[in-house]
Structures are given as C-alpha cells and as structure tokens.
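Just so it is clear, A, B, C, D, E, F, G and H label the chains in written order, and each chain counts residues from 1 on its own.
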Amino acid sequence: MVIIKVRFHGRGGQGVVTAADILAVAAFKEGYWTLSFPMFGAEKRGGPVVSYLKISEEKVYDRDEIHDPDYSVVLDPMLLGRDVVLGLKGWLIANHPSLEKAKERTGWRDTVAIDATKIALEILKRPITNTAMVGAFAGFTKIVKLNTLKETVYEWFEKKGEEVAKRNVEVVEKAYKEVEG
Amino acid sequence: MVIIKVRFHGRGGQGVVTAADILAVAAFKEGYWTLSFPMFGAEKRGGPVVSYLKISEEKVYDRDEIHDPDYSVVLDPMLLGRDVVLGLKGWLIANHPSLEKAKERTGWRDTVAIDATKIALEILKRPITNTAMVGAFAGFTKIVKLNTLKETVYEWFEKKGEEVAKRNVEVVEKAYKEVEG
Amino acid sequence: MFFGKGHSACYGCPLPIAVRNVLEALDGRCFVVNPTGCLEVTSSQYGRSAWGVPYIHSTFENAPSVASGISYALEVLGRENEGYVVVFAGDGATADIGVGYLSSMLHRNDNVLYICLDNEAYQNTGNQQSSQTFLGASTTTTPAGRVIPGKTLRRKDMIAFALAHGTPYVATSSIAFPRDLRRKAKRAVEFVGSKYIHVHCPCPTGWHFDPSKTVEVARLAYETALFPIVEFEYGRLVRVKKIKRRKPVEEYLKVQGRFRHLFKHPEGGRIISELQRIANENAMRFGLD
Amino acid sequence: MFFGKGHSACYGCPLPIAVRNVLEALDGRCFVVNPTGCLEVTSSQYGRSAWGVPYIHSTFENAPSVASGISYALEVLGRENEGYVVVFAGDGATADIGVGYLSSMLHRNDNVLYICLDNEAYQNTGNQQSSQTFLGASTTTTPAGRVIPGKTLRRKDMIAFALAHGTPYVATSSIAFPRDLRRKAKRAVEFVGSKYIHVHCPCPTGWHFDPSKTVEVARLAYETALFPIVEFEYGRLVRVKKIKRRKPVEEYLKVQGRFRHLFKHPEGGRIISELQRIANENAMRFGLD
Amino acid sequence: MRKVVRGFYAVAYSVKLCKPNVICAYPITPQTEISENLAEMYANGELENCKYITAESEFEAASILVGASATGARTFTATCSQGLILMSEVLINAAGMRLPIVIVNTNRALSAPLSIWNDLQDSMLLRDSGIIQIYVEDNQEVHEMIPQAYKIAESTMFPTMICMDGFKLTHAYEPIDLLDQETVDGFLPPYEPPIKLSIDEPLTFGAYAPPHCYMEFRYKMHKDMLNAKNKIEDVFKEWGEIRRDWGGLIEFKEGKTVLVSLGSLVGTMKEVAKEMGLGYLKVRTYRPFPYDEIREALKDCDNVVVFDRAVSFGYEGVLTIDIRNALYGESPNVYSFIVGLGGRDVPKEVMEDCVSKVLSGRAERYRFEGLKDFEEVTY
Amino acid sequence: MRKVVRGFYAVAYSVKLCKPNVICAYPITPQTEISENLAEMYANGELENCKYITAESEFEAASILVGASATGARTFTATCSQGLILMSEVLINAAGMRLPIVIVNTNRALSAPLSIWNDLQDSMLLRDSGIIQIYVEDNQEVHEMIPQAYKIAESTMFPTMICMDGFKLTHAYEPIDLLDQETVDGFLPPYEPPIKLSIDEPLTFGAYAPPHCYMEFRYKMHKDMLNAKNKIEDVFKEWGEIRRDWGGLIEFKEGKTVLVSLGSLVGTMKEVAKEMGLGYLKVRTYRPFPYDEIREALKDCDNVVVFDRAVSFGYEGVLTIDIRNALYGESPNVYSFIVGLGGRDVPKEVMEDCVSKVLSGRAERYRFEGLKDFEEVTY
Amino acid sequence: MRISLGAVSRPLESLNDKTGTWAVMVPRIDRERCIGCGECYMFCPDCCIEMVQEDRKRYAVVDYDYCKGCGICSEVCPANAIEMVEKVIE
Amino acid sequence: MRISLGAVSRPLESLNDKTGTWAVMVPRIDRERCIGCGECYMFCPDCCIEMVQEDRKRYAVVDYDYCKGCGICSEVCPANAIEMVEKVIE
C-alpha cells in the first residue's frame, strides 16, 4: 500500500491545519482515503506548528506523526531551515520569493518556491498563505485536480461569506497555475 | 490458646467502650495480653453500642468481632433482651434491679444481676454505669484483682480530677463486693 | 409522612427539627439532596430509610452539583412542577469541602433551595472543627490544650459568600424558630434560581450540653447576636429578627462544654471579648438591637 | 532576570506583562505557584523554563493550597524572610475549578499574595467560557449560535468573593497600568495574611483582536467601567482609579471578535444594554466617574 | 453518508443522534473539542430536549450527571487524564449507584510531569471501579460505539466509558460513514430507567450499607458486570446486523505468535501482524474483562506479545498483568512491551523490532521500548 | 515501654517522634482520631517546629503537603477511602514530582453504597500510581513502620503510604511497645532534600514534558521504584538490627499449600496456617511489587490460596491477579477467595473453610466467600 | 435479605426501628394542661408527637414506640404540660 | 538528554529559545525620538527591550533574538519612536 505523506510547516494562526485538511477533503473527493491531523503540540499562536496529511488508495491505519514525508510544505518563509527538511524523501514546496534563497536556507535541492505571501496579500489583503500553498502543492503534485480543489476551497470558506470563498478560490488557482507553469 | 471473650452492651454516651478498655488495662497489668475495641458501627449517641474485650495469656491475633462471648456485660437495663445473649457461651452480667426480671427479659439462665444504676446514682450522682459494671465483672470473674482494678480506674479518671477518680474507685469497689458477696 | 420516626439521630438532635419543618412547609414536594454527614448517616441506612420523599446521597462534597443535575433533568424532562430541589447539607459539606461546588451552583443560579444545617463542626465524624466553628470552641481537631485555647480562626461568612454570588434569596434561621424557618422555606421557593438558607443547629453531642437544651442553646445564640437571623432578597436586607434584650455572650458560652475552658484558660478572657466584639458587630451590621 | 525571554506565549500576550512587573516590583523575592494554564504551558516546559525564581506547578486547581503549604513550610523552617509566596493563576483556575481551595486559603488567611490573571476564559485549552467571561461573549463553549447569542450568565464577582472572606488586601489592576500593578504588589506584601489582586489580561488570541492592541483593549475595559480598578484594605474601599471620561461599552466591544455577533444577532442589542447597565452599576458602586 | 470529519466531530455527532438530555463536561486537552462541537449544536438549537451545561470542574460535571441520571435523564460527558482522575470519586460512586452515564475518555497521560499527550494510564487506573470500559481502534468505531454504549449502559445500569486515544484519534481528520437519525432511533430506544427519583415513588438513592449487607451489593455488582458480557455481545451482534460487524468482546486472528493490544495501536498492530504473518488480538471490552474469550483464543499459541501503554509503577504493564492472569496455567510465553507513553510514537518499525526480539529469543518478560538515551541528574 | 494504647495513638505517637514539620489531614472515619491525637499534641505544644493545619478537604490537605514538601518540609497526612480517592490526582502528581510525603491510609471500603468499614479497595485502586505501599499486620508494626516509612520515602523520593486496616487496627486497644525519641532520632536523620524550592537555587518544579522526554521520566520513575526494593530491604534490615526484625518485602513460611494475604488478615492467616500445617506468605510491600521474592517463594508449592479484599469489578481479586502474574509459567494452582468486603468479618472458620475447599479439590479459580443468602430486587 | 439495584431503599422503612427503646426518661403529657399549641409537635426531633383533635379539645400525644426521651418537648411546652418521668423498667 | 529527579528544571533555560524567529514585523526604535520613558520596556510581553544609559541619554534597545514582533511597544510609545517594519527575509 502506497501512502503519500505530506508535512506542513507554519505558525499558530496561519492555517497550517486547514491546509492539510482542505487537501484531505479534495483528495477524498478524488476517491482517495485520507488522514490529516495537526502536530500534537502545546504551542501557542506564533509558535511553529506542523500538520500532516496521508493520502492513499486504501484505508490508512498508521496514525503516527510523519517523520519521512514525501513532501514538505512550508507556509512561512521564516521557518525555512533544517527542521522542515528533516527526514524528507521528496520535494520541498516553500513559500519564498526566491528559489535560490530558499534552497540556501534549507540546503535542499529538490525545492519548489512560490511567493505565496505576495499572492495572499494581493488577493486576500492578508498574509494568510495556507490556500496559496495548497494550490501550489496541488499544482506541483497533480494529486488533486484543480477543479476539485477549487470546489473544496469554496465549500470550506463558504460559511465565512461568498466573498471570502471566491477570493480563496482565486488564490488557489493562481498558485496552482504559477507552480504548474 | 485460651481467649476469654467479653462483650459489653450499652448506649452511645454510656461509656461502653471505656468499660472494655479499663478492664483491658487492668488485665494487662496482671500480665495478660488484651485486645479491646468498639463495635465498628455508625451509631449516634443513644443508639445501642457494643464493645469487645479479649483476654489471653498470649498475644491475640484474631481481630474479629466477638460472636460467641464467654461473658456478656449489659450496662443498660433497657437493652436486656435476646440481642445481648446472642451466641453467649457463659454468663450474662446484667445491670438490673431484679435478677428474675433480667432473666425473664433475656431468657438466659446463667445471669448475675446488679443494680448498677443505683450504685452510680448514689455515688456519682449520674446514671453512668460503666465503672460499676466493670467492678461487677471483676468481682464475678476474678480475672483481675480488685486492687489492680482500683488502681487502673483511679489512673483512668485522674485527668478528670481527683474527686471523680475517687468516686469511680468507690463505685468499682462497691460493685465488686456486691457481686462477689 | 415526609421524614420518618425511627431515624437514628442522637437524643435531642437539631437536624430532624429543621428537616421536618422545611418538608412540611413545602408539603413534601421536594427532591432532597443530602451529602454525607449526621443527617445522612442517621436517616439513610439501606433498608432503614427515614425519607418519605425522593432522596439522594452521593458524596460528601457534591450535593450542590447533584442538585443542579436534578433541576436540569426535571426541566428538560418537563417535570419542573413535580417538586422543588432541596439540599440539606451540613456546615462542613457546605462551607468547607463542598464550597467550590456551592459557588458554582450559586453562580449558575440553578433552581435549588440550598439549606445549610449548621452544627458548627463535622459532627458525623465526631466534632472536628469546620470553618463554621466559632472562635474559641474546643473541638477534637482544635482541642483546648496547654498552649492553644481551642479554635483560633474566625468563622467563614457564608451569608456574605452567598450574597457575593448574587443569589436572589439568602437568609438565616434557627431551629429555635421553626415558624420562621417554615416561612422562609416557603418564601424561598417563590424565587426562581438559587436560594440559600443557613440554619443554626446546636448539637448536644458535639457541643456538650444536655439534649433537652437544644432549643434553649439555639435561642441563646440568637439572643446574644452570635447567630443573627436575617433575610435578603436580591441582595437587599429585607428583614431581621430583632433582639428584645441582647444578652452577653457568656450566657451562651457557659451552657456548653466546648467553651468551658474559656473560663479557665489564660487566653479565655481575650477570646470571650473577641466573641462579644463579633456579636456587637453583628448587631450593628444588621441592626439587631 | 526573574522571567526570561524565550517563553512561548502568543504574540502580544498579556500574561508576561503582569508577571514581570510583579516580580520586578518584588525584586524577585518570590516563590511562584502557578496552576496549569497558558502561563504555565508557555513558561515551564522541561528544559525550557522561563523562570528565574523558584517556581512550582502542581495541578490546575490546587495552586492556593500549594501556596499555603509553601508558606507554612517557610514559617516552620525559619525561612519566612527568604521571600513572598506569590500565586499567578488564570481566571479559570481561580474562580472556577480552584475556587474552593481559594476560599479555604483566604479563610485561613494564609500569608500568600494571590494574583488572578484574568483573560476571561480557559485560554490554554482554546477560549472556553469561564465564570469570568462576560455576558454575550462568544467562546468555544458558549458560541454565538442561531439560538443562543454567546454567554448567557453574568460574571462571578471575585472581588466580593475575596472580601466575603475577610481578606485584608483586595484589589484589581490591569496590564494597561503596570505602574498601578507594581504599586499594588508592593502594597499587598505589607499585609500579613492573604492578599488578592485580580488583574485584567485581554488575550488577543482568544478574544480575537490584533496582538498589538492588547494594552489598548485593556485600557478600554477600564475606560468603559466594565473592569473597574479598585483597592480595598481590611474590607474598606481605599482607592479607585477614576475614569476621566467614561466611554460607552460599545467602544470596548467592537474592537473584539468575540463580541462581533452582538452587533448582528437579534438578542445583541439587549445584551449590549445589559453590559452597559453593568458598567453603570460598577461606576456607581465604586464611584468611578 | 461518508464525510471527512475530525474525531471530535465523529463523537459529538453520534452523541447528538443518541438524544441525550443533559450534557455536561469540562475542557481538557484533547477532549475539549467534543464539548465544543456539542456546544455549537446547542447554540444552534440542534439538540432537542437537552441541556448543555458548562461546569466549573470535572468533579462537578460528573456530579451534575449523577443528579440528572438519577432523575431519569440520558447523560453524556467527556474527559481524560487529570479530569478523569479528578472525577473518579464521583464515577466510582455512580458505578455503585448503577447510573448509566456514558463517558468518552480521550486517553491522555497523567501528571507529573504533565503531558497532554496520549497513553492509557488514565482510564486503566480506574479498571477496578465498576465502569464498563470499551477501547476503540479508530474514529469509525467510536462513532458507531456511542449508540451501542448507551444501549449497554442502560440495559446493564453501569456507567460506560468509551476510551479513544487522544490526538491519535481525536485530532484525526478522516473519512467517516456517518450514522443517520433513523438508524440510531431504530436501534436505541428512549431511556426508561427501572429506578429514578420521583415524587410518586419516593425512593432513597445512595443509602449506606453496613457490614451485614455491603458485600452482597458488591458481589451483585461484580456478577452483574460479568453478566454484562452477554449483554454487550448481544448489543454488538445487533449492531453487526443493522450496520457493521466489529467483532465481539475481542477481535481475534489466529497465529502461533499473537500480538495483543487495544486502542489506536490496533491499526498498526494489524498491519504488522499481516506483514509478518502473525496473529493478533484486539481487546475491545476491557472491563468486564473477556477472560474466557482471551484464554480460549490464546491458550494454544507459542508467543503472546502484549503492547502496553500503561504501567503499574513498581510492577509491570497493566494489560499484561491482566492477560497473564487469564492465561495462568497455560503454556504460551507472554512478552510485554511498554510503548508509547506520553505520546511517544509507536511506528511499525518499533513493533516489528519487538516481534523480532521475541522470535529470536531475545525478549525479556517486559521491557520499555522506544526509549532514548538519557543521563540521570538531580537537576 | 509497653503500654495499652489504641491504634490511632500508636500511629500519632510515632509520627510525633519522627518530627514532621507540616501535618495536614481531613477527618474521615476511621482515620480521624489519628489527626485528633496529633491535634491534641499540637494544642499542648508537644510538636516542635511543626504546623498542624486543618484543611477543608483531602484534596486540599494533599496539595498543602505538596507545597510544603517541595519547600523542604517533612510532611504527614492520613486518610482513607473517599478521601484517598479525592486526593488521588494530587498524590499521583506528587509521585511524579518525587515528593516524599508520608501517608497513613486506614483502609476502608469505597462508596456506593457508602461504607465506613474495612476492605482494601481504596489503596489498591491506586496501585499504579507511583506511591510506595506498605501493608501492616498489627499496631506494633504500624507504630514501628512510621520511622521506616520516612526513611524509605526520603531516600527514594517517593510518597510512601502505610496501609493499615480501618477499625480492625485503628480502633484496637492493645499493648504496644512504644518507641522512644532516642531510638527514632538515631535511626531517622533530619530531612535534607536533594531538590527544594529556594531563592538561592531557583528551580522549576512541575515542568511539563513533551513526547520527546515524558517516557524517559516515567521509565526512570519505574526503575527508581524497582530499585527502591533494595532500599526498603536495607531500611527493614537496619530496623531489624536496632529494634525488631519484621522480615523483608514479604514474610514467608514454606508449605505445600501456602496462604497469601496482607494487612490485618495476616494474623488470622498465620493462625490458620499453623493449625492446619500450611505455609503462608505475608505481602509487606505491595508496591514496588516483590515479584522475584514471591515467585521464588511460591513457585514450587502445590497450592497458593490468596485472600483478597479488593475486587477489580468485572474481573477478579486484585492481589490475586498480581500474584498469578508473578507465578506465570510456574505450576502451583492459585485459588482466590474474595473476603471481608465492607467490614464483613473473616473468622478463622471462613478461612479454614476456604482451605478445605482447596484441599478437597472443590475450589474454583476465585470465589466470594462469606456471602449471605439474598434476593435480587429492583427496589 | 433483599439486595436492590444500586442499593436504592424504599421509603420510610425507619418505622421498623422502634427507637423508643433508647429512652431512659419519657415525657408524660398532662392532657388537662395542654393547650394544643403544637410547639412540642414542631420541635420533637423524633417526629413522635401527634396532635389529636377530640371534640373541641386539641392536645398532644406521644408515640412511645419512637420517643427517645430527649426532653425537648418538655422544655418548649409553654403550658408546662409535659413532665419527664423515668421509664419503667420491666 | 538529561532526566532530572521529578522533572525539576533549571532556571531560565528558555533563553535557548530564540523566539525572534516568530516575528514577521519587528520594531525599529528611533533613538533620536526616544525619551527613555521605559513604557515599551514595561509592556513588552517578551521581556526583550532593554533600557540603555549612554552618556546622559537613556533609550530603549530591542533584543531581536527574542522579539516576536507583536507591536505592543510601538502602540504604547508616547514619543512615537517605534515603528513596526517588515522583517527582512533572507
């Protein structure tokens, strides 16, 4: 049984858990079994937060935290460092304006960088980068289709109002395409 | 190992426990091992109270309540009835003005009766019959010597004042002799 | 019959006096909650229950919460009108071990009539001090000894406590005045939410006085203003039981064994004056004279 | 350094502001007792302690008792002069789960400075209501929903509570006024026995406002008289922080996410007026205007 | 309907379907969001004939439910760790009073040192207390267990506690086949208590029992709990028929070497068993203890490997002690591994390593597995 | 000096000789008179450098001692039953914090139904909690155990609880050889804690431990408790030399059939063993559990007959489960009799009856013995 | 012996306990003096005084099966109608 | 790893945690404007402002190793001497 393991890094308050959860729902819609959960921490807002996502064709039994992710997704450029590539087996997907700088900070070759903060500020007017990074992950991995993701994101944010939902969909799409391109 | 088992019956507030304890100390002074304890009850003042005394030449291991006493000592005439002779193997020592009436109430043949209330009222001016009954028990059984008992009673009541101590000694002596006689 | 004969409380026990008068005043339409203590132990032995109304005992400390639970259940099951939820609790259960749960019940203003039966100590376990024991009293955990002359702390003020929680109805009463208690019980249940009545219950066994004097001792506590009889509605003092001729505290103290040492111990005089000061303060605070 | 950098409280957390000012005011001569809660979790991880003074955490509810224990031990070991025993406790620990133990500590009048850091909810577990949460606030256990518009109960009055216990020194303060807090901490330790200071600590994370506004929100609570700043010595109100120009409660409410629904929910208006009434009552009661 | 939801919600939603009358809990990680979910339903008017009460402590929450349950209400609480221990006096009391309160315990380690993370020390500490304990493997199981727990509790008149691993399950966001109201209504009748507080039939609850009768009450309690095994089997079977068969008191797969555990470790255990060709035994009902079932299942195998997540300090792993007692006089070697305390991960590799220790004869009677190197210091 | 005293006094007087600094307890039958005796000594100025505090609950009493002990004071409390369970969260916490509080538990049954009478359900329920548990046979033993308990607690840094049977011992008035101050002073040095709260060395007590280190702390606790066995043996031996030899972790007399029990039942058990020519085993230290000692002692006998006074509801007698675990893989038949719950008397005849059941092959795995006939009713 | 579910107990079974055996002294009510005020009724801790209406006279009657003889009734009687007398020991 | 008795922890080990990494914005103090009042010092929740005395000027300095960038100092500064600026991402 193949399990795709994704680890998300960010800070309390940045929506790291939501990032994993949105992707979980999207992947579930595509027929996968998914399991996502936050790092089991006692951190307060601002402290580093991690969340996990496992995607598989079959039910996932293993509930351990992910120590050997296939992907590491980093929502906050300040967090780029050794920690986020610990045990990493595949790609680092980083929020950073510069691919080179990002690589430099982590020492990880297989890195994709996207300036998620910029996208977020542009469209959401707030530096909440989780949806952008979700889009980037999907665009890069193609594990979930853009449309499924858009639908998921829309539904997710609908309760906060149509406007918010639409903007987040826009963010996702933009990030998806930027990475894909 | 022979254990002499004594059961005392009275009411909360009448000094039933003290009766057993005084005899325990006196017997201890005579070189016996003793074990006395109250009935393990939750009764309030006024309710029937039982206490136990075991006297033996060797250390007593058995801590059970006494179901088959050699003696049953009853401090309160109102309590005379079937209960106080339950399991009794030997003598009933009863506070009652009339031996016949006492026997009638309990149906027990081997009974000694003494009007302890009268003695107590006379000397102590209060119907506290425990010392009188202690005296009666000793007088009848001769397990402890009168002098030992008097000494014990004196020491016991000393903290309440010399007068009280003396009177109780007097009570003990009177009851001892009355039964002995 | 709401509270039966045949219970096993001591001769002259004050508790049944309070209980039966409250139950009769409320016509027995009561769900009684009772923590561990003298009342419980003397009335709820298996197969010997003295209760003619629904009754529950759970632990020593949780009566307020159990009462809240009953009131919620009655409400949600549509049975509110079946009866009042009434707690009868000792002073230890109320003011000490259960005080946090009482605080919580009063804070939520749950629909419960809470009656504290104050015999000023843990009588069930043999007269150990509680926070309601008066200064100077000799108890088994604050015995009058060579160095320490009985209890050294003041009383926890449960009236102030209940009022601090915004409790709609707060009152004191005494077994010396069953009619007062009956009236207050009836008045209390007119309020929706929490009501607290603190009832003085002199205990002949623990306090060392003759069982026939229970009522007299209770009356002296009132007459010396050591136990003021007052009534608050929505935080406002609405009524006090005035004292015709206030007596010096000694008259109350000297009839009880637990205060006997005060008349001998070198510290005794100081304590008696302090008790008199407290009585005077009560008289002032509530306008008793 | 008495409280170290590197603790892990949220951006803009009010708690360290209170803690460091008290510790500095008392020159670090403190034995700190701290129940479970935000402060504890952000300062006492093994190998990451932020404390430069002796510190103990035991359980969520027992801080008052642990503090009493320390003060007794210091006394009996002849170490009274080593330092003050200071509790820093959340509102949940103080007014809810630990309220019974607080009652007991205050009743015995143990030599402890008890400081309640009131962020009006169980913030450590994620903003669940406490008895200190204001009416109308949306918390995770009193969420503003279709039927119920946030919290429906009034606040438990901890000042009245502490006063009811005869506590020699009782005061409120706010992280908006560190100098006030410092002075009060110093004043408090001049009293022998228990002293209680209730400090308002607006929490950006739970209350939903920007972390840079912590002080401003605290100031608004004071300026609207929703959180009066007062000081009692031996039960007597000795000082209040007067409000120059009292602001309507809306000004306080509207800057916080937890009250946002009040401006939309059909019940919102009623609740806002009720809050205004409470503010007015505070102003009256303490003469704030 | 299959939906991706978090463990908390899987619990809360199922509780809602069971139509409780009084819900009362106190926040504690990692339980809190169960209450929060219920509070939200309450605020939105989705809980009918129900009071949701915010208590000021776990002790109080449990006590409120004692009052409510005795009055005939269907009740619910959730807690764990410090909260569970804090309310233990009340729960033990409720067990003796035979009040069918349903509790979800989101297993968490005990303090000191404080830990919000998962192990089973909390609920296992209360194994003597007369509370039915059921351990679930995943969120689907807990979701489906809630109605079953009510049925078990109310037909046996014991408090019934579902134990689910904190974080590992509570925080997991995964696909769940959600129950619907009709299914639950069809399965779970309204609560009709055989005894309750009422003015019409004024019973005395919480009487005390002197030595002449106390022991009989406790014996009855014990016997009723043993009998509860049948009732639980019945309920499980009934559920299996209308919904899904999760097995009986235990779930067992034969093997010469059999792994034994409970809770969320079972998922990993099953995988390891499958990959290594071993048997496994999942303890579903821990109290009443399935003595006969376990003995029958394990008596003829060679090795029993118990994975324990609670320690009786100064002795051994808690589950192991119970298992060895059940196998006393039989011949399997029983090895015990104490793993996963205070949230320490138990990856497959650790389990595999334990098994190979056993198979190669290097295993001891018991052992803490997954420890790091450390130095002991005074401070 | 030999004097006839009550059990309470045998405890209180010995506590006094140990010179505690802070004493704090809460009344509960049948513990109360221990506190009362201490209160009287306090009121009479007989306790030097000591504070006697009246707490408002057991939870508070234990918490006060946590503060006091962490500050370097020698502490004492006594409790039982509801009180012990109520303070359990604090005691478990104190165990993890390694505070050497000495506790006397006057064993009493648990509620519901409420019982003030004796069995071992209370202390046994806390057997996992990291508290050293020592059971005494009589009042001489408890009197002499107090100084030993302090030495054990303070050299192992574990809370140490002496369990003595309520009523059977507490209320017994019997001759005791009282210790004198000199003996105790010579044996028990003043308490010099390796860690304490102080301004000079400002340590952080009660830190929390994330998953990366929690398990190591618990492992250390377990290991230290196992090591405590040696320390306990040493203390017992030292005491044996200066005073009287009471045996080690267990007291054992060989036999083909061996009776096993603890607490005040041991007296009766020894008599029965003597009269019937059987062996006996008295468990003195129950936690840490004397695994090796018990296994070694019992492994070659034919029948082990355990008298249990605590039940794990839905399973079996508590001591029995522990004993069978210790004998796992060995061949003795282990029979268990659950007796004496809630103060039910256990006369010699009942024990003899149990033994004859065993010897004649009529014994079951376990059995409640001493029950009366009863009828089950709803109410 | 009946063993009920959860040890619930039936109401008023205390009536089987004849606490009258506790009494050493017992009250004797002088029916002539009694003014039927009910004070003794209200204060009796053992609930064993009944008010009886007979023709136009209301008076108090003691249930000696339960009276513990505390003497409170005698103390509170405003008409001095109650005397405590020694219980006859048969 | 060091495992202590009862998990007692040594003081001020939090200093090893450089919480400065949390910051997105950081305060920049204009030394000219600063009047050395110490408000920022007193209010900083992260205890990372120090007051420095230099000749006759007293002013505030931020320890960026720990500053989380909450912005409180900037809000409370009576001299408007503190501006929050974006932290440079290298």
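What we mean here is this: contacts are C-beta pairs under 8 Å (C-beta built on N, C-alpha and C of every residue); 3 or more make two chains touch, one makes a residue touch a chain.
All of these numbers come straight from a predicted model, not from anything done at the bench.
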Legend entry - Smallest number of contact steps required from chain C to reach chain F: 1
Inset, instruction - Select, from B-F and F-G, the pair of chains that is joined by more C-beta pairs in contact. - result: B-F
Legend entry - Where chain E and chain F are represented by their mean Cα positions, the distance between them in whole Å: 29
Inset, instruction - Return the distance between the CA-based centres of chain E and chain G, expressed in whole Å. - result: 54
Legend entry - Separation of mean Cα positions, chain E and chain D [Å, integer]: 37
Inset, instruction - For chain C and chain G, let me know how many angstrom lie between their CA-based centres, rounded off. - result: 24
Inset, instruction - Specify, in ascending order, the residues of chain F that touch 2 or more different other chains. - result: 29, 56-57, 82, 86, 89, 93-94, 96-97, 111-114, 116-117, 194-195, 202-213, 216-217, 220, 343, 345, 372, 374, 376, 378-379
Legend entry - chain B residues counted as touching two or more neighbouring chains: 40, 42, 46-47
Inset, instruction - For chain C, jot down the residues that touch at least 2 other chains. - result: 8-9, 11, 13, 41, 44-47, 49, 51-53, 57-59, 61, 96-97, 99-101, 103-104, 107-108, 131
Inset, instruction - Please name which positions on chain A make contact with chain D in the complex. - result: 12-13, 42-47
Inset, instruction - Under the touch definition given earlier, write down the residues of chain D that touch chain F in their complex. - result: 28-29, 31, 33, 40-41, 44-47, 49, 51-59, 61-62, 65-77, 79, 82-83, 100-101, 103-104, 107-108
Inset, instruction - Name, in rising order, each residue of chain D that touches chain C in their complex. - result: 96-101, 103-104, 107-109, 131, 153-154, 156-157, 160-161, 163-166
Inset, instruction - Would you pull the chain E residues touching chain A in the complex into a rising list? - result: 4, 29-30, 116-118, 165, 167-169, 171-175, 264, 267-268, 270-271, 343, 345-348
Legend entry - For the chain C and chain G complex, residues of the former touching the latter: 1, 3-9, 11-17, 20-21, 43-53, 175, 178-179, 210-216
